[in-house]
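For reference, the structures are reproduced in the following blocks.
The following pair of complexes shares a single chain, chain A, combined with chain B in the former and chain C in the latter.
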Partner chain A sequence: MAEFTITKSTLDDIAIVSLHGFLDAHTASQFEQTLGEVINQGMHKIIVNFAELEYISSAGLGVFMVFIEGVRAKNGDIKLAEMQPRVFTVFDLLGFPMLFEIYEQQQDAIAKFGSNA
Partner chain B sequence: MNNSRMPLPSLVRMHNMEQRNPYRYELTIPSDLSALVSTRTFVESSIASCGFPDTVVQQIVLAVDEACSNVIRHGYANTNDATLKLLIETTDKGVTISIIDSAKPFNPLQVQAPDMQEYFRTFQHGGLGVHLIRRIMDSIEYIPSSSSHPENELRLVKLLPVLPS
Partner chain C sequence: MREADSSNNSFKTILWLSVALLVLTGRVVSDVIALASGSFDSTISSAIRVLLGFAFIACTGFIVWGYAQVHAYRSRRDFAKDFTRLLVLLFVAVLPFGDGGNPTGISEVLFANILGAERIFCALFMVVFLYRALNLQRTSQTRRYTRVIIIGTVGAFVTALISEATHVNTFRVLILLLCAVLAIIMYLAVKRRTWVHLLSAKEKRTLLLLTFVGMILGIVSMAFSWSHTSELYISLREATYGFQVVMAYASTFLTIFCERVFWTTLFSLPNSSMIERRTFEFSSVAYLNRIAAESTDIEKLYATVTSLAMQATRGSAAWSFSLDQQSGVQVRSQERLNVKQIQALNDADVVAEFAATLVQPVNIEYMAEHPTFRYLSRSVESFAQSMIIAPLRSGRDFVGAIIVTHAQPFSFETDDVQAVSAFASSASVAIENARLVEDSLEKERYHKELLVGREIQRKLLPQTNPQFDKYEIFASSAPALEVGGDYYDFYHLADGSPCVLIADVSGKGISAAFYMAKLKGVAIALARHATTAQQLVEDINATLFGTMERQMYITMMAVHLGSNGHMSIVRAGHTPALLVRPGGTSVIKPRGLGVGLAKPEFFRTCIQTEQYTLRTDEALLLFTDGINEARNHQEEEFGLERLESIVQDVTTQRGASAESISQKVMHDVLAFSNHAMQHDDMTLIVIRRAP
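== the complex of A and B ==
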């Protein structure tokens, strides 16, 4: 398996970005580039699915900080879904649940975007 | 005072009985972020039998990843033709991990701990690796290179929880 891969899909005006493998200082630039491309295509409602992400370090968390202000300024958001406990722990250690909505199920994140429409 | 007849919790008794010498593990990696994967595997396998819960093992692995990332990115400025050495010593008290490099000194202890509420309010980024290391490890010591000590050394310590006797 590759160290880190990303798959993308869309559901109406929502972009779903799914992460697989290890997101660290080596692979964070790949994620930053992909998320930047999604936003540059005009998508501002973004769900990042973590179901198959095995590991994250601060470089990965930093990518969310790069884009969150911009997408919220355009009435969008980056919502996070389906984290494994070891990944959630890292977000939690740094207090990221203060800034980001984190859902156990992707469906709940989709519904939250829908309710804001 | 004679404690010898007092019953002890099983974990403490196991530690007291072991009285083992330190185990030492060593790994040299290139100053390249692609080496972080194998570094994490090395740290995890070295400390696996120390007695830390899995969640703590994972956090120690993360702290070492953050420390090595900082040396590669800030110390070596992403030049990938140098090396870092990791020394891990495990005892019945816990683990000490030394990260040794020949880069420009980068003292993580000089990085100010962020106020996370302010950090999020103003949408800052960067600087979280050192904050994570501080949150995870029990002690952090930095010895910059000098004429008597030609390499920089960052020493991270995590102690096993002491159970009440």
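== the complex of A and C ==
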């Protein structure tokens, strides 16, 4: 099974978290920890880039729910970008497009954050 | 048994004591009569004295032997006590009380007899003591030597007796020669004295004193009992002819014994602390291994090893810590150090980081001069100026360390480092063992949890298929090894019409089973008051939202079955359903959001009901993602298309029932995965119109 790795970068006040590989019950805690760290550093505008994520399980989806309210309470948001069709289907079935903004291009998500500011 | 034995023994002792007193009284009486009649030196009176003397020796022999049986040398203290008793007896025995001549009055007779009795007792006590002392540490030769010595002594006694009776003096030379030979044997018999080395310094000092006094008294007693003119010699000869030889021999042996032990003790005294430490280490490591074998209590292990390391090195304080990825550095035990002192010592984890680089323990002789610890030496110099750091390793991993500190610099020697090293390595083994045990317990617990989760799930799911008037429903479920959270149930809504619910709780194992149980209770209660499937799902969300962990959610689908095949279907994030029609299968995927993800107000805006009509030649398939995401050994998914084509075929066959469709699908899915590990529960509900 492919490894799961996370890379982080920042663009002004926006944190970009890119996921690679398989996000399942075993790797979800790693993702949760990383996201928690980003938020603890005071970053509340977060983009999660899915371009290189092969697979996501229900446990992986749960991680977003842990932080979304706290981030939005601070006028921030978690926006999702560049999902592969397979991964999007999982989000779509669960109804996530109704809870999160999902963009085809990361650029659009950045622009959205910019227009809000 | 032992109690019975000892009371039996003390009874015997009392018996022999009474006989001995009787004999002694007889001696006194006969002596007084002989003295009064002026025939003290006559043959008859001498013979009576000799006979009574024999009787007394026999009684005393039994008493002393019986005493030896009861007072076995169970400890060094027993031995020391007996040694002391002997020396007191011998001291009294060598005091020149009498004048050496024949007694002249009753009081003198009495005194001489009592003194003689004491000396006989002393001689026999000495013999038995030496016999036992030699057997403290036996060699293959010990028994032979002691036998020769005893037989020789008895022989000398008999020879002396004959010599006295016949006044033949040449025997005396023989006795002296025999004694010299026996002395050599005695010398050899006290060969093994390693027990002396194992004594503590204090015990050695006691032994040194005892053997010194024993030597002096032995020499004095020896000199007296070989000398014809001495009071001791005459007194014993008076008591029984020849017994002075027994005293002479015994004194000689005692002198040899004391002399040999004395020098051994004296020379081993400087090694005492070393030997004491080795003994301590040896017994501590044994103790540590026992603790490690008996318990998996890591805390106790750390506490024990820290305390032992401190004692062995005579450090002024000690502490230990463990290190693992989850909890970092954790102080496990502390001896004579408080939390603040440990914090000061391990400032910024300096000790932990240093220890992690070590393979062997190191001796930091003077912290103020050590490159790593120099900077903190000021702040800790009041309680730690030198220390030994011993790493604990489990396999290749660094798992912790033991640190012994001393308030003075240059306090530890190479020996101390070795001692701590011994403790550290046995502690490492124990920690490794404890970890292995914990791991296997963890696995055991995990396995039990799996079984418990499955059992809960089995009990929560309906035991039979529902009997609804106008519908034929068949549900089947294949749980994964680890419960996947699949759930389904059948209800009658407020108006009495049937409703089917299928759900999948996110997460696995006990926690999924727990939410399943919660869902079951909530759904049963709410279904009674709900008028539509949508209301049921919305109410379930309203009840459960906020009570669930934030990352948990439940996907579900509810189908409200009306008359004439009318179906209202809602989907809360669940895997879509399949509606199988003769002309083709369609995917039913009404808009909706998983339960537990959003507040009731928002959730309501996300949910939409879709209406369908189920005809008699059609079937509705509700299922969980365990079905379409089933994988084979090549990691290929079963997939929705494959499922669609199978149900399309089977449903259009003549006489297909909900049961036969369900069995066909389950069979094909299991055949596809071909015993590949089933990762998720698989649940399938087939709904048809009743024929």
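The rule we apply is simple: the second predicted complex is superposed on the first by the 115 of 117 C-alpha atoms of A that agree within 3 Å, B and C clash if a C-alpha of one lies under 4 Å from a C-alpha of the other, contacts with A are read in each partner's own complex, and residues count from 1 in each chain.
Rule of thumb we're sticking to: a contact is a pair of C-beta atoms (placed from the backbone, for glycine too) under 8 Å apart; a residue touches a chain by one contact, two chains touch by 3 or more.
The structure displayed is predicted, hence computed values, not measured ones.
> Have a look at chain B and chain C on chain A after the superposition and call it: clash or fit.
clash
> Classify the contacts of A:Gln41 with the two partner chains as first (chain B alone), second (chain C alone), both, or neither.
neither
> Look at A:Met65 in the shared chain and tell me whether it touches chain B only, chain C only, both, or neither; answer first, second, both or neither.
Once the two structures are laid over each other on A, A:Met65 reaches both partners.
> Output check: A:Arg86 vs chain B and chain C. Expected answer is one of first, second, both, neither. What do you get?
The answer is first: A:Arg86 touches chain B but not chain C.
> Quick check on the superposed pair: does A:Tyr55 touch chain B, chain C, both, or neither? Answer first, second, both or neither.
A:Tyr55 contacts chain B only, not chain C.
> Between chain B and chain C, whom does A:Gln105 touch in the aligned arrangement: first, second, both, or neither?
neither
> Thinking of the overlay built on chain A, is A:Gly95 touched by chain B (first), by chain C (second), by both, or by neither?
A:Gly95 contacts both chain B and chain C.
> Should A:Gln33 be classified as contacting the first partner (chain B), the second (chain C), both, or neither?
neither
> Under the stated touch criterion, name the partner, chain B or chain C, that contacts more residues in chain A.
B
> Which partner chains sit in contact with A:Thr7 here, chain B, chain C, both or neither? Use first/second/both/neither.
neither
> Of the listed stretches 201-209, 507-515, 561-569 or 651-659, mark the one in chain C with C-alpha atoms clashing against chain B.
507-515
> Intersection of chain A residues contacting chain B with those contacting chain C?
After superposing on chain A, chain A residues 25, 58-59, 61-62, 65-66, 93-95, 98-99 contact both chain B and chain C.
> In the complex formed with chain A, which residues of chain C make contact?
Those residues of chain C that touch chain A are 504, 506-508, 550-553, 555, 572-576, 589, 591-594, 597-598, 606.
> Quick one: in the complex, what on chain A touches chain B?
3, 22, 24-26, 55, 57-59, 61-62, 65-66, 68-69, 85-86, 89-90, 93-95, 98-99
> Considering the complex alone, what residue numbers of chain B touch chain A?
The contact residues of chain B facing chain A are 33-34, 36-37, 40, 55, 58-59, 62, 65-66, 69, 72-73, 116-117, 120, 123-126, 128-129, 131-132, 135-136.
> Can you name the residues of chain A that touch chain C in the complex?
It comes out as residues 25, 28, 32, 58-59, 61-63, 65-66, 93-95, 98-99.
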